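Common to both upcoming complexes is chain A, partnered first by chain B, then by chain C.
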Partner chain A sequence: MANFSIATVFIASISLLFALSNSFSLENPTDRRILVLVDDLALKSSHSIFFSSLQTRGFELDFKLSDDPKIALQRYGQYLYDGLILFSPTIERFGGSLDVAAILDFVDSGKDLIVAADASASDLIRNIAAECGVDFDEDSSAVVIDHGSYAVSGTEGDHTLIAADDFIQSDVLLGTTKIEAPVLFKGIGHSLNPANSLARNNARVLFSGSLDLFSNKYEIFCSSSNHQCKRQGAQIITCNRYAKSGNQQFVTELSKWVFHERGHLKAVNVRHHRVGETDEPAIYRINDDLEYLVEIYEWSGSSWEPYVANDVQIQFYMMSPYVLKTMSTDKKGLYRTSFKVPDVYGVFQFKVEYQRLGYTSLSLAKQIPVRPFRHNEYERFIPTAFPYYGASFSTMAAFFIFSFVYLYSK
Partner chain B sequence: MARSLGFIIVLLAVTSICDAVAIFHPISESHRSAALELFSPAAGSFSGLEEAYEALRTFEVLGIEKPDTKDHTCNSVVDTLSSSSSNLKDLYHSLRVNGLLKCKTSKEALTGTVSRLKGGVKEATTLLDYYYSVGGLLLVKDQSSEVDVLLGNADGILRSIKALSQSDGRWRYSSNNPASSTYAAGVALETLSGVISLAASAIDENLIGTLKNDIVKLFDSIEKYDDGAYYFDDKVIDASGHQGPLSATSAVVRGLTTFASTSGTLNVLYTIPEEKILGLARFFLGVGVPGNSKDLVSVPLILSLPATVLSLTSNDKLKVRVNTVLGSIAPPLSVKLMQVFSSGSKDAPVLKEELKFDPKEAIHTMDALPEGVDIGEYVFAFEIVLSDPEDKRKYATGGRTKVPIHVTGVVGVDNAKLTLLEGDSVESEKKLNLPGKNDVALSANHLQKLHLSFLLTTPLGKPFKPHQALFKLRHETGVEHIFVVGNSGKQFKIALDFLGLVEKFFYLSGQYDIELIVGDAAMENSFLQPLGYVELDLPKVPEKATRPPSQAVDPYLRYGPKAEINHIFRVPEKRPPQEVSFAFLGLVFVPFLVFLIGLLRLGVNLKNFPTSTVPATFAILFHGGIAAVLLLYVFFWLKLDLFTTLKALGVIGIFLMFVGHSTLSHIASVSVKVKSA
Partner chain C sequence: MGKSPTTKDDAQALFQSLRSAYSATPTNLKIIDLYVVFAVFTALVQVVYMAIVGSFPFNSFLSGVLSCVGTAVLAVCLRIQVNKENKEFKDLPPERAFADFVLCNLVLHLVIMNFLG
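Up next, the complex of A and B:
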């Protein structure tokens, strides 16, 4: 019996190790294992295009009913998943050990989260959202209506299926391929706390007021957005017809971002030295010319590619930036710049605070002291002082001659 | 064999945009592309025979050219059938694929398969074992007439399957698993009907009678959606995975129909209430699954409207289509519009208006909407009346059908004007063209008032109250103020008295952009229109006034690069040009030259220099020492530091003191001698 249990533990630990080696790491930031919690397993088929796009990209999806008593995010202090998808808007209480605090801990540990709500969003889902700075509309009868830009349909006349085509201009969030067709949205509204822009630990969280946004529905439709409909006077003559809504592309691209297939940066090989030297000094003197280099790479989903941008900036910082300079890049990931150390001495920092929409924020800081000139490092032979030197030396010469004259002249 | 699970999954995956309860959509190109996307064979073959069957069956139903996988799939079918180690499930699936692909299978292989399947029936302990072996035998029966597939002990097999049934009409998967499932009930009924059709001898009628009771009980557990669709749900999750409502319902319907047709007990279906059958049909239509006419005995008629949003302005006609559940043409009938409820009201007069039937398009139309129907939301109640009373037994009409209808139209916007008032006298008045481009430029102070008014009329000339009538003022800094435009009848009016609004406006003077939003679901010309701007001159901010709320930072600006900072270095002190310094250097040497010339003029000499050797040596050393000190000073200036210099100076100084003393005392003694002499 004892032997048996030891063997079990051994096998369990091997499988755990295997699982760990396969998971989220610094070298391989894309998520691998994702827990999907749904209210109804039918969602698996009604949202199958979204899920299969995740699966074909290599994610292991673990579907569970949200009230499944066996749900656990972590075991033995290790997280079992790298990402969590909550497609269970109506759930009032998760099964197992999962609760709001557990989900927040999950996000705090740098894991990613997708939450989709709809008009039936429960208090639990609202609480999770509120903790992340997102407030869903609390009125249960509230809907998002846009009388100006909606999907024209022969069967739905209440304008709650909104055709949105004004997307955030960010390739890292939505991919480089333009989303041609409007994205259809039917759900509830939310507001985002303006002070809350991104998670400080680079965890990525996506909230949607529409669960249908991710679904396989929404194929052919006609949009009535103001600038897509030709109107004559007040009458709509033609409307743009789309064979397919932009939803599929939109959510696929967004999920690539959320699960760190894009926009994940790392900075390596941070170094600095005096111009013309290669070794990193322990201290700089004021007015030294120095060179600062850093390599930045972006995770492409499978490998680290050089990150090319023209807005990476370095600060030479003591209480406030003394120098702030944009670095030049060789397009192979290396960023460099050189500047003169300010003529103020003290303990400075090299700071790279790189925060761009959708990208991992980089925060590099390296402390370096700056000293003033030593006494013998000042300029020695100042031409302006030559008359004084001349006067001294002529006096000395005169003294020497005078000593002879005074002592030996008769 | 009836429809496959895979097919259902495909169709569920491609559910169309519409709320399809009321409207039937035939299979479209998008269904096909979605099917191809779902079933894309990897490297020319499917991952398993089960998937192969689902894919091939789906392609067949949707009429898709099969990707060329026949050779590979057939190979694995033949392998499975001729291998003695393949289990019942594999045999079943390979027979299913064989039924579609018509692979070349030898008679020996089939005979071997049959004997293994028959052995499987005998040894079966679980429901699925029965299902696979009986299903396999049925498939062999279809594919080859040369092999004997009949079962000898059909009654015994039926009893052992029946032993798995539960009192509530559900079934268990195996005798040692107490959990019962609806899906299993469907599977069991299908298996039972298979056994009946394979039976070599007649079946005990009593047994079939008890099964009928089970079916009736099973329908007690049917569940209902709000829209009248009925479905079976399966709560049990087991080894075979979770069966959603769709697969559970389809399993039950499939089992039921095959059972009813093979056991010759069609009348069992008449014991099921008509509304439940209709509801099941609704359920399948809701997910877009077209049926097969064998599925249901009393064929439900479905009343559907191609469009429920009708435009009054473009005189849309009310069109109603009546189909059977299966999408085929309904028998002769007429459709009557019974009542029109405007939104919210419970009662409405009975109209009984009959719709005109257009046999070419098989659509019932009403040329004009009933009188008094203006734009807005309504519920239309229709009734289907069958022309032939004989059809009443064959078709289920489902009573009165209520359909929500949206009637839209262009709302007239007239007399729109923006007025600036001081007291009661009109300062300026601007007519507005709504909806349209307007360019109002006003300037006002806090003692004035701004009035906006317009009229809204429906196409029938009645007053119209839109869902949204909002007036918006946006300050340059982004602070927004939204006012609801109130109405009295047709007249919409808002009066802004700036004196009372000063505090609300946070005393922010400057340009305010004006926007007007009028929108409603029934209004075809909903608009969001910028009207221009008003330049407000408000009093100065008192100290205790609330600050305007901070505006959200533009995300593009927030993350953009910052302005560069360059350190401003201390400017070095100003110095005279070098020429000046050198000129003064020259001047500094002038006194030295004068001193030298003066000495020469005075005729200095060195006659007192000691002549004897010892004093002369001391004198030379003394002066050499002075020269060394002076030279040391030069070196101090050039490169030496203070410490080296002081050390050297100390050494030279002691030496100098010694030689100086002897030299000076010698000179002194000589001069004393001269004086005394």
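Up next, the complex of A and C:
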């Protein structure tokens, strides 16, 4: 039996870089139609709290048995669904046209995916996970055990039902409301492959080593005897009692993130101009003062809200950033900054590379040439050079006088 | 202590002999010498000025200094050619030497004006 120390590791989320996809309309990025594949339709009732939370938020769930021969993700080249939930850990072969490649294409086109496995996870599910950079434990009898933090009830003396309360600190992933009660987890361990490079297109993927994580069983389970104990060595140091586990809140908040109800950014109205002007020039001159503006909005699930952050930076870039400035915001979505064009001419880019945990990656680049001064843009007379002008003219005058004196001195 | 009056006397004697020798120089050569001294002095003033304010309008600095240096060089050339004691140019009439000098100066100042900025 593998013995894993608990962490928040049972969620592997992959939100990766930008490549604009057509998965959702730009005006409304939240997914609408979701295909749910289950091994057994009984799951519909055993996980009903999770599903009904999705339905009340406006999602259309389409339940199908995973070996249903009519399963199809696309028809006539159009995707029928915006999201896919695989609650079918034991399936060896999907029905219909669905296979690993089809699921990966689905993710590559920017669609979202939730995969839950458990100890009986099939090779098919493991393959999907491995292609997304998540390796489930190979040993089919392995489970996650934590002797330091486990739920007392449910599994007497067997510390496989883990109560975790050490979550990733991210409001965009887990919502702003703190999850008070621990989340119960019983399943297999997995690791994220650091070389994972799939789906850099803002598709969101959630892997869980525990199908029960989403189930009603833990939501309402042991309402009076739900303990979480923490030990140090053999010594129990704290033992807290909760009326209810945090699972419902946890999976609801995560599903909000996965299905783009949160953390989806868009940047619009990128513009730049010289300070004091409003028209966008086709070219700048060295040492011009310019102003750059961009509006960034976050999708709240129903409307675009201003995105407020103090770490959005602009680069003025040619091979390397010549200017790197943090933009200030008016709290209404508008980010602006002004700076002086460096004393170097060439073809520059305005670049905004904004990558934050849980948020859509923003990657804006706009090319702009910078020219040197024209000949008539220099000052005609430079005050510093007046002595040199004076010297030149005085030698000329001296030459003139000398010629006279020399010629008439005899 | 005993030595310094002797040194001073020597220096005085040297200067006096120089002055008396120089006073024998023809007037036209003296005028040329004065002109050269003026040009070199102006060049030095500009170099000192550049050392103080920096080399920013470097082309102007070069113009100013080179106009002085060029003037001095041309004047020295003229002095060599019109010097009666110089046998090398005894076949060259001083009028011709002066005409060459004027032509060269015109070219020099044309270049200087273009380069001044």
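Everything below uses one rule, namely that the second predicted complex is superposed on the first by the 339 of 410 C-alpha atoms of A that agree within 3 Å, B and C clash if a C-alpha of one lies under 4 Å from a C-alpha of the other, contacts with A are read in each partner's own complex, and residues count from 1 in each chain.
Everything that follows uses one rule, which is that a residue touches a chain if its C-beta (ideal position, glycine included) is under 8 Å from a C-beta of that chain, and two chains touch if they have at least 3 such contacts.
It should be emphasised that the depicted structure is a prediction, and the values quoted were computed from it without experimental measurement.
Using the contact criterion defined above for the overlaid structures, shared-chain residue A:120 touches neither chain B nor chain C, since it reaches no partner.
Contact with neither chain B nor chain C is seen for A:55 once the two complexes are overlaid on the shared chain. In the superposition on chain A, the chain among chain B and chain C reaching more residues of chain A is B.
In the superposition on chain A, contact is made by A:342 with chain B only, not with chain C.
Once the two complexes are laid over each other on the shared chain, residue contacts for A:201 go to neither chain B nor chain C. By the document's definition of touching, neither partner reaches A:302: not chain B, not chain C.
The residues of chain A shared by its contacts with chain B and with chain C are 382, 384-385, 387, 389-392, 394-396, 398-399, 402-403, 405, 407, 409-410. Touching chain B in their complex are the following residues of chain A: 40-42, 45-46, 48-49, 52, 145, 147-148, 151, 153-159, 168-169, 194, 197, 216-221, 226, 234-236, 243-244, 287, 311, 313, 315-316, 321-326, 340, 342-344, 355-357, 376, 382-387, 389-405, 407-410. Those residues of chain C that touch chain A in the complex are listed here as 27-28, 31-32, 35, 38-39, 42-43, 45-46, 49, 53-54, 56-57, 60-61, 63-65, 67-68, 71, 75, 98, 102, 105, 109, 112-113, 116-117. Residues 9, 12-19, 22-23, 30, 34, 37-38, 242, 244-246, 305-309, 313-314, 377, 405-406, 408, 410, 435, 467-468, 519-528, 550-553, 555-556, 558-567, 569-570, 575-576, 578, 581-582, 584-585, 587-589, 591-592, 595-596, 599, 604-609, 619, 623, 626-627, 630, 633-634, 637, 641, 663, 667 of chain B are the ones that touch chain A when the two sit in their complex. Interface residues of chain A facing chain C in the complex, by the touch rule stated above, are 382, 384-385, 387-392, 394-396, 398-399, 402-403, 405-407, 409-410.
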